[in-house]
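In what comes next, chain A is part of two complexes: it sits with chain B in the first one and with chain C in the second one.
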Partner chain A sequence: MTSIAAKENDDTELLADDQPQGRLARLARLQALQIVLVLALIIVVFAVLRPTTFLTPFNIRGIVVNTSILAVLGVGMTFVIITGGIDLSIGSVLVFSGVIADKTMLLMGGKGWGTAIVGIVVACLCGLGWGLINGVLIARARVPPLIVTLGTLGMALGFSQIITGGIDLRDAPDVLVNSVGFGNIVGQIPTLSVIALLVVVLGGIVLHRTRFGLYTFAVGSNAEAGRRVGVRVDRHLIKVYALAGLVAGFAGILNLAFFQSTTISGQSNTNLNVIAGVVIGGTSLFGGVGSIFGTVIGLFIPSVLQNGFVILGVQSFWQQVVVGAVLIGAVFVDQARRAAALRGSSLQFPFLSRFGSGSRKVNR
Partner chain B sequence: MNRKGAIIAGLLALALGLTACGSSNTPAGGAAGAGPIKLAFVQGVIGDAFYVTMQCGIQEEAAKLGATVTTNGPQKFDPSLQTPVLQSVIASAPSAILIAPTDVSAMQQPVQQAIQQNIKVVLVDTTLKDPSIAASAIASDNLGGGKAAFDAIHQLAPQGGKVLVVSVQPGISTTDDRAKGFQDAVKANPAYQDLGVQYSNNDPQKAAQIVNAALQANPDIVGIFATNLFSAEGSATGIRQAGKQGVVKVVGFDAGPDQIKALQAGTVQALVAQQPALIGRDGVQQAVAALKGQPVTKSIGTGFTVLTQANLNTPEGQAAVYKSSC
Partner chain C sequence: MTLLRATGLVKQYGHVKALNGADFDVAAGEVVALIGDNGAGKSTLVRMLSGSEQPDGGQILLDDEQVRLDTPAAARRLGIETVFQDLALAPHLDPVQNMYLGREIMRPGLLGRLGFMDTAAMRAGSRQAFEKLGATVRNLSGEVGSMSGGQKQGVAVARAAAWVSKVIFLDEPTAALGVVQTRNVLDLIRRVADEGIGVVFISHSMPHVMEVADRVQVMRQGRMVATYRAKDTNMEQLVAAMTGAFREQEAK
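Moving on to the complex of A and B:
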């Protein structure tokens, strides 16, 4: 209810409201701060327990590199979840794009940048293709996203296995592996992570600063209201799933460059890991609320936990237990906020209402 | 702020609780060279009897040599999951790492990073494209494993005859070597005729179809070597479908709980067991030698034990069975 009003407000204020008002901006920062705070606490705990090994440049670099590909995937997933949908197929699309790109580059034969660039384009196109299939089936054929992407998850993985016979391909050109996979921009700053950061920043700008992003929030908040104010909801949904596919395809070539292998059997939980990161980062599974920044922080939480637990010598099974708990906590907060917003009882729960208005700020 | 505060506090308490129990099983080791030697073992996949048995061997030997061991591994046998684990292990600054790389090329660079941090690396079970960067590489001699499988068939069906290999899929170095070792041994013995290798794609149903069809074409098959568990189970089903149980002998590979069950049930007549505990013990010895600047053996091949129902319950047989826990 309140969100419809907000949306109409936003439409009229889209161009005029470039300067964030002081109070709202402060609250938006507060919301992001809460996720950052959880991450910071985790880091502090590990840093105190293992002062000489945890916060070393080598380890920080390692955590960042290991989160980079997930962050690229997280950008697409954030858009999809903000529309109230889900995309289970990204891990398989990543594998499929890597396989096709690998085969193409093998056919071309070269080991130089020409081959590598063709590989990158092919991977992105493969991803885009699967994304379009997802989008059209969801928006036009009205099959629920969970089912469509569960289906394409199996199909993309199946095709990858048919093409490869189930054996990983390892034909990434050396330039791609040495510059993108393991190269550094300057000093110890990994190229892979800089590329991921670029994708994240671009995704953030598109989501929070463009009409496309605004429509994404509108579709997720209330598709019918969006339709009435002139958003072409079906077409927008197709675009959003196409975007998710595109970044999954791009992640496929990054994955190939980093592991020099198509990692066919290693991506079966990638989709759930990314969804968990997006949700921990404050994006609502019910749509309409979310941010790319939150997603990145949300993805770092499992990475840091895994890394810290290994350094401490805790059984790695524990990582899943803790990430599961954090995930449930994040959704609990989201639910509580929604319930309060529906009751309109913002005065009785000043904290939750502030949380709500903070997120509405992100909506625009 | 109360509610949010409570949530954060709860999460923090959880994290602290976990780290507390974690710190109890890892003695705080100093830098390499000072204090006890810190070893780290990175498994190919966690919760697998083969790697658990290897871990037991590593822990035993490490305790003997006064070293401490931490063990970690990925949820699945895949480089994209093993790389972050290895990276975290490197960050914990052990003196040496024993690792079963999940991919010959993908793990090369991550292992190289360990060596750049002045950590000694010993490869156990699986290997890398360029294993020369490691202090030592210890693995089962899979060619020898294939030969051991033929010897088992030779014992079970001494009269000779046709033999078939059911393998997983082409391109896996370990199972390819096992099949090759088996075929080489068959060719060396004129009493036996090799019918070649069929691939089950790790699908018991496919293995059953293959074996059923092969028995239609060649009713006089005396033995089948199945290079892994599902191939062995499927082969046994195919033999039952053809009504040949007891006549056609099946030799499987590895001795995890599932394989042992199959042996006890008479589904397979013999198992070729690797020696993961020995691989682990050798690995620790080589790692410690490398740390002390003593001579190391670059490459070590370990042997096999053939298990049948007859020797399964002997002490020697029981020692060859893989463990689910130490």
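Moving on to the complex of A and C:
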């Protein structure tokens, strides 16, 4: 009980990074911070090449606005991927929520805030509904997340097309378009981006500061360990997918306000773009690791590249090439890190198995 | 005083009778080693007594009262903790988060209800628990997955020891460890028992068994075939009991 000092001979090398430095060292090792450097480098290169056009308030505003809706989606996706799962349905859920919200607002008539608020609530509820369907099928019916969300991707998009006959609706109330869609809070600061920032900050607090966030990491890290200590793993997974659906629904109304259209055929790559951003930002597809901050940075990289290439006059198709390379590089770094940390444990793509990392064992 | 007692436990998996009327008991402050050849039913017995699985027959008594251990959570509520061979730690969480996973200390008032945890209190509690056991976990904010086998074992045992009030089960706690780390775990076992906890550990290592156990219970073919005071027995006797080569010389 008292002889603590006598027991310090075990693994001296690990004692080296002790409390104060331990936290810092851990921070430096975060992939999110490495990716900040990559983003900074890209910005510096464009700024040097086009000093007069790239770093102007107008251009920066454009980049930020273009990333805002993806960032909202990224919050939900980060939670899902940390559990070791995946959600392919978010783009379709966004469209579906926009379509239902549009129809509802049209039925109500009116162009004021009353209608707009009903539209926002309806969009969020639609998203929540799809998220719950995903979650229940994954956690209770034990269908792999990749398959469940591939299925709901098709279903949500199909229903949207059935309801609209495939023709985009454009009935967002003016108040919504003028404020959220185009408006600025002050000066050149877009309302849309401020809303997205609020979602991001809220998501970050929930993920990194609350028990809900801790359980999200725990489920992705070792679901069986969680189960043994009484964490309701299935219920938590349902909540996480519900959250991803909810933010996708909210993104649906933002999207409707911004584009003044339900963009039915414009969201087929949204899921993959968001997943790419999340993964570039250091969230591991194997579960247990990730951050909202990283996701935001990871989403900015494609946006900045796109914008920079346009300004440079490079064919913007190059953006896809570069983003693809960055994505592979990010996963490579994650793999290497894992291999070093968990030597001997078998690596597999968890979202192809039952649900996320549920079947994965802790290394012995 | 006997803390936990099981009588006539039966468990059948298909055609295999893993437990065939096994008896078992452990007293407060006592270290009991559970030994036996592979397939003797040691792990099965521990799974029954830790609530992971239910026996097909027999009784389990805690403090002389019959109890049902339907789930690990039910066993934990009764003060029974188990450290399984795979340790059941979340490798990406730090020792503090692992220590309190599922039993977080929440902030008081509204913040707590919103899901905010009192990380300072949990950190302090973990530090205290590790120090009490002399577990060599110094870096409280590193990922458990990147720690050595001994440190992981330390976290798992300290977690069980921090929450236990009656009996702690350790399934082969030294199987994957080096010499120094094994030393630490054996010391740790002794210290937990000194707190008045009943400690039960499964081991294949006779020297470890002889060293820390007060009593050795030998299993063979799903039954408890012998029980010895550790200081009155020797390795030959234990091996004989395990392999069935002994004549009915059940020592007490």
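Quick note on the criterion: the second predicted complex is superposed on the first by the 312 of 364 C-alpha atoms of A that agree within 3 Å, B and C clash if a C-alpha of one lies under 4 Å from a C-alpha of the other, contacts with A are read in each partner's own complex, and residues count from 1 in each chain.
Convention: a residue touches a chain if its C-beta (ideal position, glycine included) is under 8 Å from a C-beta of that chain, and two chains touch if they have at least 3 such contacts.
Bear in mind the structure is a predicted one, so any value in this text is a computation, not a measurement.
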Of chain B and chain C, the chain that contacts the larger number of chain A residues: B
First (chain B), second (chain C), both or neither touched by A:Ser303: first
Touched partner set for A:Thr210, first chain B, second chain C, both or neither: second
Overlapping contact positions on chain A, where the chain C interface meets the chain B interface: none
Touching residues on chain A, where the partner in the complex is chain B: 34, 37-38, 41-42, 45-46, 49-50, 52-54, 56, 58-59, 62-63, 65-66, 165-168, 170, 181-182, 255, 259-261, 263, 265-269, 303, 305-314, 316-318, 322, 325-326, 329, 332-333, 336, 351-352
Contact footprint of chain A on chain B as seen in their complex: 1-4, 7-8, 10-12, 14-16, 18-19, 21-23, 25-26, 46, 70, 72-73, 75-81, 83-85, 87-93, 103, 105-106, 108-109, 117, 169-172, 201
Residues of chain C that touch chain A when the two form their complex: 72-73, 76, 84-93, 97-98, 101-104, 106, 114-117, 131-132, 134-136, 138-143, 145-151, 176, 180-181, 184, 187, 191, 194
Chain A residues touching chain C - in the complex, by the definition given at the top: 1, 3-4, 6-11, 14-15, 17-19, 22-23, 26, 206, 209-212, 214, 217-218, 220-222, 224-226, 228-231, 288-289, 341-342, 361-364
